Structure formats: C-alpha cells, structure tokens
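Each structure below appears as structure tokens.
You will see subunit A twice below: alongside subunit B first, and alongside subunit C after that.
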Partner chain A sequence: MTRPTALLLAALLLLAALHLLVPLGPWLELRRSDPGLASLLLTEIRLPRTLLAAGYGAVLGMTGAALQALFANPLASPDITGSSSGAALGAVLGAYWFAIVDPLALAAFGAGGAALALVALLLLAGRRSDTATLLLAGVAIALAAGAATSLLLALAPSPFAFYDSFEWLMGSFVDRSLPQAAAALVPAGLACAILVRRAHALDLMALGEDVSASLGYPPRRVAVEVVGLSAIAVGACVSVCGAIGFVGLIAPYAARRLSGGHPGRALVPAALVGAILVVLADLFVRSAPAGRIVPVGIVTTVVGTPLFIWLVVGMRRRLTS
Partner chain B sequence: MTSLLSARGVAIDGRLHPTDVDVAAGSLVALIGPNGSGKTSLLRALAGVELSRGSLAIDGEDVASAPPARRPHLLTFLPASRDLAWPIRARDIIALGLAKADPGRIDRLLDLLELGSLADRPADRLSTGERARVLLARALAPSPRLLLLDEPLSNLDPYWVLKTLELLRETVRTLGCSAIVSLHDIDRVGSFDRVLLAAQGSMVADLSPESMLASTELARSFRIERGESGWRVSRA
Partner chain C sequence: MPASALLIGASVASLNLCTDEYLLLLARPQEVASVSFLSQDRQESPLWRSARRFPANRGSIEDVLVRRPSVVLTMGGGGRATRLLASRLHIRPVELLSPLSLGDVAANLRTVAGVLGEPRRATPWLQELARLQRTSPTKAKDTLWLSGGGQSLTAGSIGAQWLRLAGLEQRPLPGGRASLETLLVRPPAVLVQSRYRSAQVSSGERWLDHPIVRNVRAQRMAADGRRWTCMGPLMIGEIERLRAAQR
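Coming up: the complex of A and B.
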C-alpha cells in the first residue's frame, strides 16, 4: 500500500468512527439509563448507516474509476452514464410492480436496471466515443430511465409510491436495517473485489485497446466484465439507498492525482475518496434542522455540480488551446 | 534456418486474405504498401489483436494460448496512433510495457531514446514526436522476441528516423529478435533485410530491398515509376 492510500484509509476509519458515534452526548446518556438499548441503537440503527455510507461511497468511487478507464474519459461515471438511473428504475419496478420485499432480490432488480443502462450506453456511444457522444448518450439514457421511473411510480398500485420514493430514490441512509445493508454491500463488495483485479488491464488500456488486446486482454471481454461488475455493485447499492450523484465522477478524478494518472491503479484510492466524501455528506445531512430530512444525494449534487462544471470547462480549455 | 515467427493462414474477414508469414531470428522486415493495402491489418493480425482465422507461433510457442504475463516476452505491438487518454508520466508509460517493475531497464531506455529530460513529463505535455519515442520505448521495454511496429518513423525528425533505424538494427543484432515494421517512405527499405509488399489485403511480393525497389509489383501497386530524378506518378 502506498503512503497516500494508507493516509486515505486512516482518514476514512476516523470519519467512520465519528459517523458512528456522533452525536455522542445523547448516546452516553442512554447508556447510563439503559445499556442494552444503547448497544442496540449502535448496532441496529447507527452501524448500518455508517456501513452503507462508507460502502456506497467506495462503490461509487471504484465503479466511477473503472468506467472512466474503460471509456477512456474522465466524465464517465455511474450517474453520468445513466446506470444509477437504470438501477433506480429496476428497483422501483421490483418494489412497486412485483411487490418484492426481500432486499437481495431487490438488489438483483437494481443490478439488472444498471446493466441495461450500461449496455444501452455501449450500443449508443461505443467504447471509445468522444466526450460529447458519451455525455449525450448518458443524458438520454438517464432521462429515459427517469421518465420511466416516474411513470411506474405514478401508475403504481400503491398510492403512496411517489411519496415513499422521495426518501428512497434521492439517496438516503436513514433507517436502513442490517439485512438491507448486507443486501447492498455483500454483492457490491464481491463485485469490487473482482473489479480490483482488472486494474492492470485497465492501466494497459491507457495505451489503446489494440495494445491491451495484443497483451492478452481483449477489450471486449474487459468491457463486459467492468460493465457487469459495476452494474452489480451500483445496482445493489441504489436498490437500498437510492441514487447518489457526482461522487463517482469526482472521486476518481482526485484518485488519479495520487496514481500518477494511471486509470487502473486509481481504483482503490478512488474507492477510499468516494467513501470519505459520502460519509462527510451524511454527517452534514445529520446536522439538518430536526424534523427535516435532506436526502444525502441532494448534498452531493449541490456540492458536485460546480466541480463538474469546472471539470468540463477545464477539458474545453485543453481541447481549444 | 529455423524461423522465429511462423504465422499460418492468418486472416481478418474483409480486410486481410489468409496469409503465411515466416520471419527468421535476427532479421528486420519492412512492410510497405499503398494506403488501405492491409499493412496495419497484417500487423494487428500478427499481434493477435484481431484474428478471424489462422495460427501464430513464436519460437514454436502458440501465441493465442500464452497468458498475459507471458505475452510481452513474445511480442509487443506499437499501433500507429500516438494518442494517450491519460496524463501518465513518460517514465510510467514505459513501465507499462514491463511485466514487472525494473527501474534500471527504464533508465537505460530513457538514455537510449534521449528522453531523460522528459521522463517526468505527463503524456499530454509531450509533442507527437516525443510521444512516439516514449511509446517506442514502451514497445522495446520487455525485450520481446518479435516487435510489430506500425509506422514508427512517422512524426519523427530526420535525426530520429535514422537513429530509430540504427536502434532497431542494434536491437535485433544483440538480442537475436526480429521486427516487422510498416513504412510510408519506400526509400527507407534499404535499412531492412527483407521487404513485404501489401496490396488489396494480400502480400503480393516478398523480396530483398534492392529487388523490391526495382520490381514491377511495387510500381504497379503504388502506381509510380522510376524517372531520372526519382519517383514520379506512373503514366501508364
């Protein structure tokens, strides 16, 4: 492990501990009056939230880095490619139309939706398209998936679907159970563990697809693996926590500064940066006025949009200079 | 003499007709042909990038079944494109060519290609010619048995054209490896042992440089002829 990676990991562990224990005062008070309830609160309510925030952030960072490496484009990410929207569509279909309650089955619907969106992107834009084509195709897929999601919610058998979905689909970690956290994080963790093993192939893709193919990594196979694994990881997390924007875009950008520009070697640092960003965003959400729920996805989008614009302006300047 | 490369019936649907290529160890082979004649297709087929049919063996070892860790020792492929998607430093680009880290080897290559002062510059801050040299160093890095180089001399200034040809001769002589090099400038074939001429997706001639330059196949494929003051457009 390199020094920056170790530092990132230390920072993440510190923030995660903070996320788990803060606010400390009420919890200490509860422990004095009812120690059993206090430990229950920690493991049943706070722990899933901390695990999901860190885990989902890591998934966004790593899949973002992998998709950027695959598409050779620093603007590819789960949200920009429409895969988060696809996952939300899959999850809504499963939850409201097939009345699926089991979180793991719901995660499979999410993964299916994300995979469909990524395959649509590959068909529309191709692997090595220019930025404009990639973004337009991604926007088209996100819009189509968003519209389909709204339609499914509007026509859903449950009259409360729209209301429920605000808190679910906009990205939130509030009141998720440990089994729900496991349903999101176990498949996502496995997918990410396999994804990390593709880091070298993704680095070689920086030299062009022909070079990686000549070295025994056929680009089509790498693409199928990266798309499939990213879809599983993102889909499982979205089905439990909803869509969270911009982390998958920003975290790999920061991580490549640590990996000397290598797109594959950035996978692990990107996961750590992503986890840190989402834990921070959720800590911020917790400080909202009592009784008001601010979805964490809105925080990341509000903070991420200026960064995204800055990135686009920077790219434009490089292209025209 | 036993051959280092033995390619049997390699083909790409619609672009390269089934072709046999044998290359002896220690030889420099030039690959010429008009635009769209199949030079790049042949190199890509030999590199295993795209292969509809046929088989490839290097020193008797089947290339298709070699695992990724073994590939760079068998062959490396330098595509004609000099594009790099990410701002990786010159030194790290060369390192990508090696199966395992070897800083000493990278320093030697940086010296050889006079890239020392550019070693820490990211790819997006190198000129096209400088990037061409860095990418050539990447292809040379693992000391492969077979170098497949697509237009390595384009974008290079005269010094580097001559220097690269010298370097390739030196490499095949000392390592006993071979190189197949596609060229635009047919007057450079004199530096090679053997010349392959591609036309319409087939290899139509395989001659020594002198015979190739004098051949009717070359004149016919390129639609040029020898005049008193060098090549001119064929009148026939």
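Coming up: the complex of A and C.
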C-alpha cells in the first residue's frame, strides 16, 4: 500500500467514525436512559447508513475509474454514461410496478437497468469513441432512462409514487437497514473485488488494444467484464440508495494524480476518494436545518458540476491549442 | 376493563404528513410521541396548531428514537426500511394504506384507533363518512378540480371519489391535467380551484393567473389544497363545505 493510499484509508476511517457518532446528543441521552437502545441506535440505524455511504462512494469511485480507463476518456462515469439512470429505472420498475420489497430482488432490478444502459452505450458510442460521441450517447441514454422513470412513476398504480420516490431517487441513506446494506454492498463488493483483479488489464489497454490482446487480455472480453461488473455494483447501490451524481467523475480524477496516470492503479485510490466524498456529503446532509431534507445526490451534484465544467473547458483548450 | 386501559403509556410517533392526520385526529395528546415537521407548517396541514404541541421529526426513525415510542406509523417511504428497523428496535411498526379508495381511508381510521387501543374512537369519523356516502347527490355536475399548472385529478381516483360525494363529477382528462384549450373550448359546469400555497410565486400559480383560467365560465369553488394532499379524513369537512357552497 502506497503512502497516499494509506493516508486516504486513515482519513476514511476517521470520517466513518465521525459519521457513526454524529449527532452525539441523542446517543448520549439514550445511553443514560436506555443503554440497550443506544447500542441498537448505533448498530441498527447508523451503522448501515455509514456502511452504505462509504460503500456506495467507493463503488462510484472505482467504477468511474474503471469506465474512464475502458473508454480512455476522463468524462466517463456511471452517471455520465447513463448507468445510474438505468439503475434507477430498473429499481422504480421493480418497486412500483412489481411491488418488490425484498432488497436483493430490488438490487437485481437496479443492476439489470444499469446493465441495459451500459450495453446501449456500447452499441451507440462504441468502446473507443471520441469525447463528444460518448457524452452525447450518455446524455441520450440518461435522458431516455430519466423520461422512462418519470413515465413509470406517473402511470404507477399508486398516486403517491412520485412523492414517495423523490428523496430515494435523489440519493438518500436515511433509515436503511443492515439487510439492505448487505443487498447493496455484497454484490457491489464482489464486483469491485473482481474489478481490482482487472487493474493490470486496464493498464495494458491504455497502451493499446493490440498490446493488451498479445498479453492475454482480449479487449472485448475486458470491456464486457468491466461494463458488466460496473452495472452490478452501481445497480445494486442505486436500488437501495438512489442515484448520486458526479462522485464517479471526481474521485477517479483525483485518484489518477496519485497513481501517476496508471488507470489500473487508480482503482483503489478512486474508491477511497469516492467513499470519503460521499461520507462527507452525508455528514453535510445531516447538518441541514430542521424542517429541511436535502438529498445527498443534490450535494454531490452541486460540488461536482464546477469540476465537470472545468474538465470540459480544459479538454476544449487542449483540442484548440 | 377498556382496551385502552391495557395500553396506558402507549405512545405513537408518526413519520409522515398523511399518517400525522390520522394520529392528530384520533389520539390524545399524551399518546403522541412525535409528528412530521410538515404537519407543523400552516401551509401544509390544517392541523398545524395541534401538531406544534409535539416534537417534530423529519420522517426518520432515528429522529423519534429518543422519544421511545411504542408504535411508529408509516406510509410508503421509497427505499426506506422503516418497518424492519422499527421491529429490530422493539417498536411496533404500523404501515397505513396509501389510500386508493374511501374504503382505504376507513380502514386507516380503524387501524389507528385500534393502535390507540380504542377502536370506537374511529366511530364518529366512520359514521360521518357513511353519512356522506348515503346522502351523496344522485346527479353530479361536470367538474374540473384544478391546481397549479393545470394539475387535476384522475377520474376514478380517490380525489374524484371524494369530489363525487359533493355531487361533482371529475371530468376525465388526458394525463390528469387540464389544458388552457380545454378550459376555453369546453369549460366545466364547476371549477374547483385549489388554494394550495396560492400566495407563493410559482409557475403553477402563474398558470392559474392566465386570463383564460381567470375568465373561465363556470361556477367557481375554492378547495383547501392542504386537505387534498393526503385525501384522508380531513376531507369530510371539505366535502361538507363544497356541498354547502352549492346550495
């Protein structure tokens, strides 16, 4: 483990502990009056929230880094490529049309939606597309999936579906349970573990498809694996916590500075940066004034949009210089 | 011994604006552990005065845990696992129906009264509902219920069922939304216009201020939009008022 990675891990553990304990007041009050309930507050309510915030952030960071390496494009990320929107579509279909409440089944619907979106991207843009084509294809898929989600909600049997889904789809970790955390993070964790094993293949693909193929990593197989694993990981998390934008874009950008530009080596640092960003965003959400609910996805989008614009402007300058 | 005596000390936390309505109407003050912050907003609930007597929550079970309720009332909740969490925390979760019919409203009244240990507390409300249904006018006027941006009710929805009790028949609209063209070409006999947050600036309110909407040739009635959010028992008074306005 490199020194920057160790520092990131330490920062994440510190923030996770803070996330688990803040706000301190209710926990201290319960510890005095009912110690059993105080420990249940930590293990049953706050622990799943912390695990999901850190885990989902890590998934976004790592899948963002993997997709950027695969598409050889710094603008590729689960949200820009439409896979988050696809996962939300799958989750809404499962929850409001098939009345699915089982977290694992809902996660499967989310993963299915994300996989469809990524396959559509591969078909529309191709794997080595230029930035404009990738962006346009991703935006088109995200818009189509978003519109389909709205349509499904508008036509849902329950007239309250729109209101009900608002906070969920904009990103929320509130009142998630340990089984939900397991449903999201076990498949996502397995997918990410396999992605880490593809780090070397992603590094080789950066040198060229022929290099990768000659060293035993057929580019098509690697592409299918990366897309499939990203879909499983993101889809499972979106179905439990909703869509959280821009983390998959920002985290790999920061991580590549730590990995010396090696896309494969950026996977783990990107996961750590992503986890830190989402835990921080959820801490911010918790400090929102009483009577106001701010979805996590809004916070990350507000922070991420300027960086996205900066990336686009930087690319434009390089192209025109 | 009355059932309520067995449940002395039972305290109920409601995590949703719509479940707040049932709790605030049926519970005694000492039985309410917490209500959602929305109920305390005068623009969201006609029960805001009563709601402000109790601690507010933001819909999360964590918010109400320090009040140590014995029951939490929920309805819907997107991706939340409130029921499971409540069970694990030894709190009885009670999920009310998102009402799709007047029967669902009656069922919710019975459920909450049962949770409070006195099923008969629901009786006056159920009797009022039954009376409204019994005395529902046989003929109904062609009606459009109208809110900001042309939002209306779907024919057959619970909103339309309530409206029918006032002798008003919601006209079916494509997408559940009224267009300016519809109001101009085929105005309804009665226009029931929601006053939900009407003092605030919004594109929906601007739409309602369009000359075509302002000058539509129909009998006009105002609706207290706050009651139409949840379509719960507070609608009984609203329907009485709409009936009286037609007399």
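We take it that the second predicted complex is superposed on the first by the 321 of 321 C-alpha atoms of A that agree within 3 Å, B and C clash if a C-alpha of one lies under 4 Å from a C-alpha of the other, contacts with A are read in each partner's own complex, and residues count from 1 in each chain.
What we mean here is this: a residue touches a chain if its C-beta (ideal position, glycine included) is under 8 Å from a C-beta of that chain, and two chains touch if they have at least 3 such contacts.
Since we're looking at a predicted model, the values are computed, not measured.
Peer 1: With the two complexes overlaid on their shared chain, look at subunit A and say whether subunit B and subunit C clash or fit.
Peer 2: Once subunit A is superposed (C-alpha atoms), there is room for both subunit B and subunit C without a clash.
Peer 1: Quick one: is A:Val240 in contact with subunit B, with subunit C, with both, or with neither? Answer first, second, both or neither.
Peer 2: Once the two structures are laid over each other on A, A:Val240 reaches subunit C alone.
Peer 1: Output check: A:Asp175 vs subunit B and subunit C. Expected answer is one of first, second, both, neither. What do you get?
Peer 2: Only subunit C is touched by A:Asp175; subunit B is not.
Peer 1: Between subunit B (first) and subunit C (second), which does A:Gly261 come into contact with in this model arrangement: first, second, both, or neither?
Peer 2: First partner only.
Peer 1: Using the touch definition from the top, say if A:Leu30 reaches subunit B (first), subunit C (second), both or neither.
Peer 2: Touch partner of A:Leu30: subunit C, not subunit B.
Peer 1: In the superposed arrangement, does A:Ala16 touch subunit B (first), subunit C (second), both or neither?
Peer 2: After superposition on chain A, A:Ala16 lies in contact with neither partner.
Peer 1: Look at A:Gly208 in the shared chain and tell me whether it touches subunit B only, subunit C only, both, or neither; answer first, second, both or neither.
Peer 2: In the superposition, A:Gly208 touches subunit B alone.
Peer 1: On the A-aligned overlay, A:Ala72 touches which partner chain: subunit B = first, subunit C = second, or both, or neither?
Peer 2: first
Peer 1: Given the touch rule stated above, what does A:Ser165 touch, subunit B (first), subunit C (second), both, or neither?
Peer 2: In the superposition, A:Ser165 contacts subunit C only.
Peer 1: Between subunit B and subunit C, point out the one touching more subunit A residues.
Peer 2: C
Peer 1: Once both complexes sit on top of each other, what is the least C-alpha distance from subunit B to subunit C, rounded to whole angstrom?
Peer 2: Superposed model gives a least subunit B-subunit C C-alpha distance of 39 Å.
Peer 1: Just to be sure I follow: which residues of subunit A are touched by subunit B in one complex and then by subunit C in the other one?
Peer 2: Common to the two interfaces on subunit A: nothing.
Peer 1: Write out the stretch or stretches of subunit A touching subunit B in their complex.
Peer 2: 72-73, 201, 203-204, 206-208, 210-211, 213-217, 256, 260-263, 318
Peer 1: Which residues, counting only subunit B, touch subunit A once they are in their complex?
Peer 2: 44, 47-50, 66-68, 70-72, 75-77, 79, 81, 83-89, 92-93, 96, 122-124, 135, 138, 148
Peer 1: If you look only at subunit A, which of its residues touch subunit C in the complex?
Peer 2: 26, 29-30, 33-34, 37, 40-41, 44-46, 91, 95, 103, 154, 157-160, 163-169, 172, 174-177, 179-180, 239-242, 290-291, 293
Peer 1: Tell me, which parts of subunit C touch subunit A in their complex?
Peer 2: It is residues 37, 40-41, 56, 58-62, 65-66, 68, 75-82, 84-85, 88-89, 98, 100, 154, 157-158, 175 of subunit C that touch subunit A.
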